[in-house]
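Take a look at the structure below.
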Amino acid sequence: MTMEAFGEEEFGERRSWEAPRPVAEPGWMSEEELAATRGRVPILYVEAVPVRVDHLGRVTRVGLLLRGSSSTGRLTRSLVSGRVLHGEAIRDALLRHLEKDLGPVALPVLPTTVVPAAVTEYFPFPGVSFHDPRQHAVALAYVVPVTGECEPRQDALEITWLEPHEAVSSGVLDEMEGGRGSLLRHLLRHVGAVD
Amino acid sequence: MTMEAFGEEEFGERRSWEAPRPVAEPGWMSEEELAATRGRVPILYVEAVPVRVDHLGRVTRVGLLLRGSSSTGRLTRSLVSGRVLHGEAIRDALLRHLEKDLGPVALPVLPTTVVPAAVTEYFPFPGVSFHDPRQHAVALAYVVPVTGECEPRQDALEITWLEPHEAVSSGVLDEMEGGRGSLLRHLLRHVGAVD
Amino acid sequence: MTMEAFGEEEFGERRSWEAPRPVAEPGWMSEEELAATRGRVPILYVEAVPVRVDHLGRVTRVGLLLRGSSSTGRLTRSLVSGRVLHGEAIRDALLRHLEKDLGPVALPVLPTTVVPAAVTEYFPFPGVSFHDPRQHAVALAYVVPVTGECEPRQDALEITWLEPHEAVSSGVLDEMEGGRGSLLRHLLRHVGAVD
Amino acid sequence: MTMEAFGEEEFGERRSWEAPRPVAEPGWMSEEELAATRGRVPILYVEAVPVRVDHLGRVTRVGLLLRGSSSTGRLTRSLVSGRVLHGEAIRDALLRHLEKDLGPVALPVLPTTVVPAAVTEYFPFPGVSFHDPRQHAVALAYVVPVTGECEPRQDALEITWLEPHEAVSSGVLDEMEGGRGSLLRHLLRHVGAVD
């Protein structure tokens, strides 16, 4: 399996269940099954913009991940992002991907509601605003304050903390793939961090 | 395939594409493939409460579908509900299911944003608030005014238009399956139609 | 009273009440009382972006009002905007201002919920993102489809219907005062009309 | 000034400004001016449900304030609630009222966005769902996790931490005035804490 742009190494990974949910069919998939599934249904994702906030809840820094893109060879910046597994609650998926990308002591403060700040539809064909060459993905997006220490994990080379106005500068947004620069700018405007 | 509670006859159905999206792989599935897919990933749904509104946007009537449940044999009330197909935009899925359940001249006024009023997670195992015995489903829910004539289609026997306070009476909510009575009450409170 | 940028001629205006609310104290104010009130509390506003939508709820055109600004003498583009009166429901205020600016047959489709798409805080002092020289105003903002004929009224010279990408071009946004260009861009992104 | 139901002692209170906002006209009002203002415009409020959350953001406890109502003489339960002052940002007002009611070390985690979870319109006349005998108030409502120690202040006699299902039991909701029991139930459903 080649390394892909948005950290899909969790595919096929088993995970522990939150009580009181039963340990049911864990949705394990071989690569063939994964490929087949991606051609049949939209795949549900969660995406998160990790931020530092002040005592008033205002965003002071935005955390962007630096990754090597296997498809293009160049470095890209990305959000925390990953699939919701079969049987997994959205909150569990969100925490799992935050810990996967930011480390176990990032101490994210998850939103009280799972109603997302934005819904993004990535299509596998060209000519769309949001694009994912691998699949049709629908992502529920959140802005998540983190209060602990973050360290890059998995395939992320680095976490960069930028001021909001730096994060939406054209140089940075251009380093994001599939339309995520546009998503980032919208989410930061949603929380009032940029005009 | 036995008839199921929430109108899954669209599985395997081909659909026309909205321009400018290409006519790509339509995500057709056999029953075996559908069953396999349901065991592997959460299935993305849209749900809609059809309503009549006055000139101020206030809900005056709530449309509930009466269906026969194959699993229990009894009649149940339900919302407009159905799967998002591979390659299909959320808006397209929402319109398709509204027309499927309410007929071609219901003239729904779709929301301007796809950010849902509620997100509901249905799990296939017991002991959860929202339950779907067939699958793990994640549903984006909307309140949708309809301005035209509605006529029941497919497996719906009848559409009943109730006043909001009638729709959330215990007798009616008890006729809804899988936690949808709770969802309905929340959505009607979200739009200020009930206390 | 000099003409002001955002159509405050409704101050002091009496209005009819929606049943079943009683005809109570109508909040009539002299100019002196208005000025005093503006210095004491934040003033609640509603703002609306009138749009044309297609059958899928996608925004196809954005209606902007062209007005003469008394303070600067130049022409400015603006949103539908106005104060919520004492005793007036938010929905009533929204409809009243839409009809005031777009005419009686604009036939707006008001949102089913009064939870706004954005909340904007205008302060009377410089150096803030959103600025109103007259007052501290807090505006609840909505995107509102209109289905009828629109004709400029009151102090609006013209209504221009632009495609979404035109509406957020820098030339147009620069003609909007007090930060409303930024608000407009955010709202159009919220409904997926621009990237 | 008689003690009122929802802690209006902050009227007339001066407050420190957040940099970089200038120390401008502070909106100080005498009792006569306050009474006059309340008869002229809707008064903007913030309301907050203080909650304890687990590592997944799920609400585990709901904090309700016990207060003596001067108008009825009986004890009532209430939310954190208070007016937004002239020139004050919504975030500042929210933090100020949380600290006023819960003490200086409650350490609330303010929402990243000021778009509220609910908007409630309280009218001074009878026969409405939400009622405030003193005024027409429009309240932006939030669910706010608190991470520190809470101690009742001002006119609150006690803070009670209830499990979500206890908080929405009829005995508790009946002790809340003006429709706030209905608001509380809606907000707890919005965050998925109750069905």
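Some notes on this structure:
Think of it as A, B, C and D in the order they're written, each chain with its own count starting at 1.
In the analysis below, a residue touches a chain if its C-beta (ideal position, glycine included) is under 8 Å from a C-beta of that chain, and two chains touch if they have at least 3 such contacts.
None of these values were measured; they are calculated from a predicted model.
Two chain pairs, A-D and B-D, are compared here, and A-D has more C-beta pairs in contact (counted per touch definition above). For the pair subunit C and subunit D, the CA-based superposition corresponds to a rotation of 180 degrees in steps of 5. In summary, the pair subunit A and subunit B forms a contact in which both copies contribute largely the same residue numbers, shared numbers making up over half of all those used. Between the CA-based centres of subunit A and subunit B the separation comes to 28 Å, rounded to the whole angstrom. If each chain is reduced to the centroid of its CA atoms, subunit B and subunit D end up 36 Å from each other. Contact with two or more other chains is made by residues 89, 114-115, 117, 190 of subunit D. Under the stated contact rule, the graph of chain-to-chain touches is complete, every pair of chains being in contact. Taken in their complex, subunit B has these residues touching subunit C: 18, 51, 53, 55-59, 89, 91-92, 95, 109-115, 117, 143, 145, 190-192.
Listing the residues of subunit B that touch subunit A in their complex gives 20-22, 24-25, 27, 29, 33, 36-37, 39-44, 83-90, 114-119, 121, 123-125, 127-128, 136, 138, 140.
Residues 129, 179, 182, 185-186, 189-190, 195 of subunit D are the ones that touch subunit B when the two sit in their complex.
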